[in-house]
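There are two complexes below, and they share chain A, which is joined by chain B in the first and by chain C in the second.
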Partner chain A sequence: MRVVLRVLAGPAGALVLAFVLAAVAMLIAGVNPVDGFGALFAGSLGGRRPIAETLVQTTALLFPALGVSLAFRAGLFNIGAEGQLLMGGLLAGAVGAHFAGPGWLVIPVLLLLGMVGGGIWGGIAGWLRARFNASEIISTLMLNFIALSLAGYLVAGPLKSPLASGAETAPLLPNGWLPAFPSIGSLSFGDTRLTISILIAIATAIVLSFVFTRTVFGYELRAAGEAPEAARRSGINMPRMTLIALALSGAVAGLGGAAIVTGVLHRFNTALSPGYGYTAIAVALVGDLNPLWVCIAAFGFGILEAGGLAMQANAGVPKDAIHVIEGLIVLVLAARRYFATRASGAPV
Partner chain B sequence: MLTLLFLTLIKSVPIVYAALGGVISERAGVVNIGLEGMMTAGAFSAVVFTNLTGSPIIGLLAGVFFGAVLGFVLGFAATFFKVDQIVAGVGINLVALGGAAYGLVLIFNQPGASPQVTQLAPEQLLPQITTGETVMIVLGLLCAFGLNWFIYRTPWGLRIQACGENPRAVTDAGLNPLRLRLYSVIASGALAGLGGAFLSICEVNLYSDGMTAGRGFIALAAVIFGRWTPWGATGAAVFFGFFEALQYVLQGRISWLPSDAMQALPYLAALFAIAGLVGRVRAPAADGVPY
Partner chain C sequence: MLGREPRKGMLVDVDAARSRVAELAERNGLAIDPDALVEELPIGVQQRVELLRELEREPSVLLLDEPTAALAPAEIATLFATVVQLAKRGTAIMVVTHKLQEVIDYTTRVSVMRHGKIVARYLTTETTTDEIARAMVGGELPQVAQREVTGTQPCLSVRDVSAGADTTTVTHLSFEVSAGEIVGIAGVEGNGQTALADAIAGMIPYAGAIELDGSTDALKHRENIGIVPQDRHHEGLVLNWSIVENAILGRQNLPGIRKGALTNWTAARADAEAIIERFDVRAASADVPVRTLSGGNQQKLLVGRALLGDPRFVLAYQPTRGIDVGAAALVQSRLIEARNRGSAILLISFELDEILALADRVLVMFRGKITGSFSGAEIDRGKIGRLMAGLT
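Our next item is the complex of A and B:
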């Protein structure tokens, strides 16, 4: 019984639930779920190009989801990954448009700038929380809107490319483009949008997993989240931890913004994210805030994001149904702590 | 100047309703992050039902109802299921925003924005304010007055306050704090839904994706800035409404400050407001703590 509860409460339960809910959403739209799922999977896993696109979406979700996981682990509700992603992309795009040099120099610098941009944005919320005890829930969300205004102003004005018709920065020089994903045997990805950014994302997850489980800093971060009073009494500097955790969380999300700029768009505009920063919260929760599980969760949501468009075009199910499903999964997983406590036999 | 005053009133209304909703919910001990989603539900359902029945009054009531439904979902989850209130609230927001976008395609067969519907009493009363808006402004003040009276002057209000301070004491007094919390969050959702309905069928006459634009979170900031009191939150909501109005009034007047940058004004105001209260606020003791 306990095992059943634990599995139901975990990512497996969320996955089953996602399928059931998706089927319901298809039925509401008057579509046979078999056709709906057919279109969804054909558009996300049915061939080389769909798979590449699924992995592009996976990468876009994975960075902010890892950032969100880091903050949540420290007991901080960073719901501002969207703004941090945008600021990371903005800084990388603004500098990248004018940065000529060899690729081995340009690309790492631009990715680092992404981390700086996102880190500053997360750090502002961290500083406000540490210094003024201002709720990071409200501040990170306000910063999302402020980031959007700021980026919108900059790409329409000072940073606008004189050659582009829309509001965007000048394109990156090709040296700043992330290399395409390496060929696997005869399978080449040169003509898709898939780049090595997915490898960077997975490497980031591995590093974070190591930090959480094998370093003193990771231990302190988790202690701050799980037992703040005990952490404080054992000498952990809580304001400092708050600042660092939110800045790092923003940096990881910002790295994702830079990865989209250098890997996919090759320039910055505010259409960089169709809400990856918000979906990332669902991804992080489904992945149980564990970086390696989050990778798998991101792949699952990548399938939904990539397949959603195909489902809309070929089966007539509005792709926004995907976002309803994501929200319901979050709602159900909010009950997770309750079930987990029950499963371990502790009193509720 | 007069324009700024009228616009401030109009822009404040939805934030006032949502902030009052935030006050009653947090006073009972439930942090309502889902205010944004409840406003979205209110705004969207108001348009759907106005379109269906031709009556914006019914649309308004539908907005209240569907806000309350989401309030019930959050309230039930936060009380009897003891789920994390913040996570559940985030989930509510995603469901509402996605659901409205999904509904736009299903019901109106057009993504992005709904067709235009009958506006709530659009006859002009004053140069800038329509009759419908006047009614909603007055109703908002009545709600603030009523909530203030309810929380501080009635036995049920005092019990709800006790739920937010010390739910154990409520149990010891022979009452069920979980049920009181649930009712409070439902009321919270109804108020937020009303605020959302104002946005869609009173201020304008359609629903468009993302039209609540973080007002639910600004309302949360107003709750804190107003120190968890109905009048305080109302004042704070008007303060944020002023910055939203200012942005419209200043547009095109100050050449060096472009409109994109000015859109950040209300959010910056909220950010400064919650940061500027260091050490001077105290939330209800059991706010956000499942019981």
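Our next item is the complex of A and C:
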């Protein structure tokens, strides 16, 4: 009994509990959970194409989740990965539509522009916090709406492609497209949406992990997040740290936007993100804000995102059920943390 | 009056409460303003309020846990006069304290606790502070290091400094601390010590000049200063971090710790091990979170970090706060050794005994001003005590 309880108290237990609750929800909705979950996993892990699609979703979640993790580690609640993702994609898409040149130049430049776009968006919130002590929770959230409206206006007006019927930028020249994921033996991904962007995302996670654990900057960033007053007294310039951390956080999310533009859409439109920036918060928390664990969490959520569509098509479970599962996972984890804190008797 | 509000029908009789509080304060010799908001009062005065509230109930058993931690010597005497009166009227009183002199002066029986057990019992009249101290540490008290003659090169100079806000200001403060000297700031908590410490640490703006070796910039160089902050949990430590990580907090950019953009964790670990060894920090390893250490061990870690590398100047705010007699003697020895090696040390403590034990020179602070200065043979416990209470 004790062993069972201990397993249930771990993150694995949180997942199990969330799935059990989701199964109950399916039963209430009149769907056999076996069918539902069967469709979910067949659509996400059952074969080459489903796996590729899962990894595409993983990548889309991983960048903003890493950005969110960075900010959270610095004690800053960046809720604005969605806006930062959009602004990164917008800048990359707007320039990419007109940028001719060799791929080795165009792709890095577009990815860099993604970081600049997201970095500026995060940096605005950072500056507001550093200069006026404006809550970054509010400002990053508000900036999401501004980003969405701004991007929506630009792609419907000044940046609209004259050839497209919908609101989107002109397509990127093929030199700006990210290469497909390399073949593994006889396994080729040329006909899927999977590109090397997942490798860039994992490399980003490794770099962040290194920054957190090995560099003085990472040390100071974590100090600022763990104990702001002690950090300030250790000589860390807190306003400057706030600005840098939020800008960097935005830059990582913005890189994700550029990765979607150059890897998947090959143009920018506001459908770039179905809410990756928000789901990313859950991914970051499930991954315990540790970049390497966040990779695994992103994969888990990638399964849900990719499998959700299949589940809707094949088992008749609405895709929204996926968001119920995601929500339940976060809820169970939050509850676990709350009880763990209470049990240890430490002040919350 | 919470819990015993005088009533007028459904209403609290505020006037009756006020006069009752005033009368209690008068009778017990504990001066407070009945209308002050408790959160705005210094801790020492808050303690008086707490005590008055308990006295008002006229209890048959009164339990006092470190009642004098934040009181001036004169207040301690008044407090115990009240307490002894109560005892004579038949109240059973238990005092938990680490101040042995209080035990000898005011109690009738003593029990010594160590590691959660009572290890000795004495009748007060038949024991001495030495005997009690030995029982507390379970052996001979470590000898506090001998002070050696050192130079008198001025190191830290504070000139006409005003800083702080509200109740914790200092105004037009001037003094110097020489290399190889411990200057003790004696005073009851809440008389401007925090503002002074924060101004020196560069944490709050101030008017006037604070210089290290004749330069304001030198104070900003971390290798020159070691600081034992007032609040170890919020200001000094990152509780979720290991001892190794905490050992370099504030020193993270010093050459040796910082290698290019990277942290030299090997050097950090060596520093952590050095602190653990020299300060007898009891921990399973250098990698356990500081949160798991006892308060005393956390405090030893803080002082150890501040003294690492023999800084030019050390600001020690209550360096032995919350640690047992044995550990306190160790910390005090290390401070004196740092002094002997030429560090200038400013010791801010609310415990006069500690100041008298360590300081070469004693400055008394009262309401943000220095009201007395004593060195060498002039140091006089009685005079200092009166100045601390605002008397002359």
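Assume the second predicted complex is superposed on the first by the 324 of 348 C-alpha atoms of A that agree within 3 Å, B and C clash if a C-alpha of one lies under 4 Å from a C-alpha of the other, contacts with A are read in each partner's own complex, and residues count from 1 in each chain.
Operating definition for what follows: contacts are C-beta pairs under 8 Å (C-beta built on N, C-alpha and C of every residue); 3 or more make two chains touch, one makes a residue touch a chain.
Being a predicted model, the structure only gives us computed values, none of them experimental.
J.: With chain A superposed, do chain B and chain C clash or fit?
T.: After superposition on chain A, chain B vs chain C: fit, no clash.
J.: Put simply, what angle do chain B and chain C open at chain A, by C-alpha centres, to the nearest 10°?
T.: 70
J.: Which of the two, chain B or chain C, is in touch with more residues of chain A?
T.: Of the two chains, more chain A residues are contacted by B.
J.: For A:A227, select first, second, both or neither according to whether it touches chain B, chain C, the two together, or no partner.
T.: The second partner, chain C, only.
J.: Is A:G46 touching anything from chain B or chain C once the two structures are fitted on A? First, second, both or neither.
T.: neither
J.: State whether A:P239 touches chain B only (first), chain C only (second), both chains, or neither.
T.: It touches nothing on chain B or chain C.
J.: Contacts for A:R131 in the overlay, against chain B (first) and chain C (second): which applies, first, second, both or neither?
T.: A:R131: touches chain B, not chain C.
J.: In the overlaid three-chain picture, which partner chain does A:F217 touch, first (chain B) or second (chain C), both, or neither?
T.: Second partner only, chain C.
J.: Based on the superposed arrangement, let me know which partner A:S149 touches: chain B (first), chain C (second), both, or neither?
T.: first
J.: Quick one: classify A:G38 as touching chain B (first), chain C (second), both or neither.
T.: neither
J.: In the superposition described above, what is the shortest C-alpha distance between chain B and chain C in Å? Please give a whole number.
T.: Superposed model gives a least chain B-chain C C-alpha distance of 6 Å.
J.: Contact residues on chain B for chain A in the complex?
T.: Touching chain A: residues 33, 73, 77, 81-84, 86-88, 90-99, 101-102, 104-106, 111, 213-214, 217-218, 220-221, 224, 258, 260-264, 267-268, 270-271, 274-279 of chain B.
J.: Within the complex, which stretch of chain C touches chain A?
T.: Within the complex, chain C contacts chain A at residues 201, 203, 222, 227, 229, 231, 234-241, 245, 248-250, 252-253, 257-258, 261-263, 265, 291.
J.: Can you list the chain A residues touching chain B in their complex?
T.: Result: residues 25, 28-29, 77, 79, 128, 131-135, 137-139, 141-146, 149-150, 152-153, 156-157, 278-279, 281-282, 285, 318, 320-338, 348 of chain A touch chain B.
J.: Which of the residues in chain A come into contact with chain C in the complex?
T.: Checking each residue of chain A against chain C gives 214-217, 219-220, 223, 226-227, 229-235, 346.
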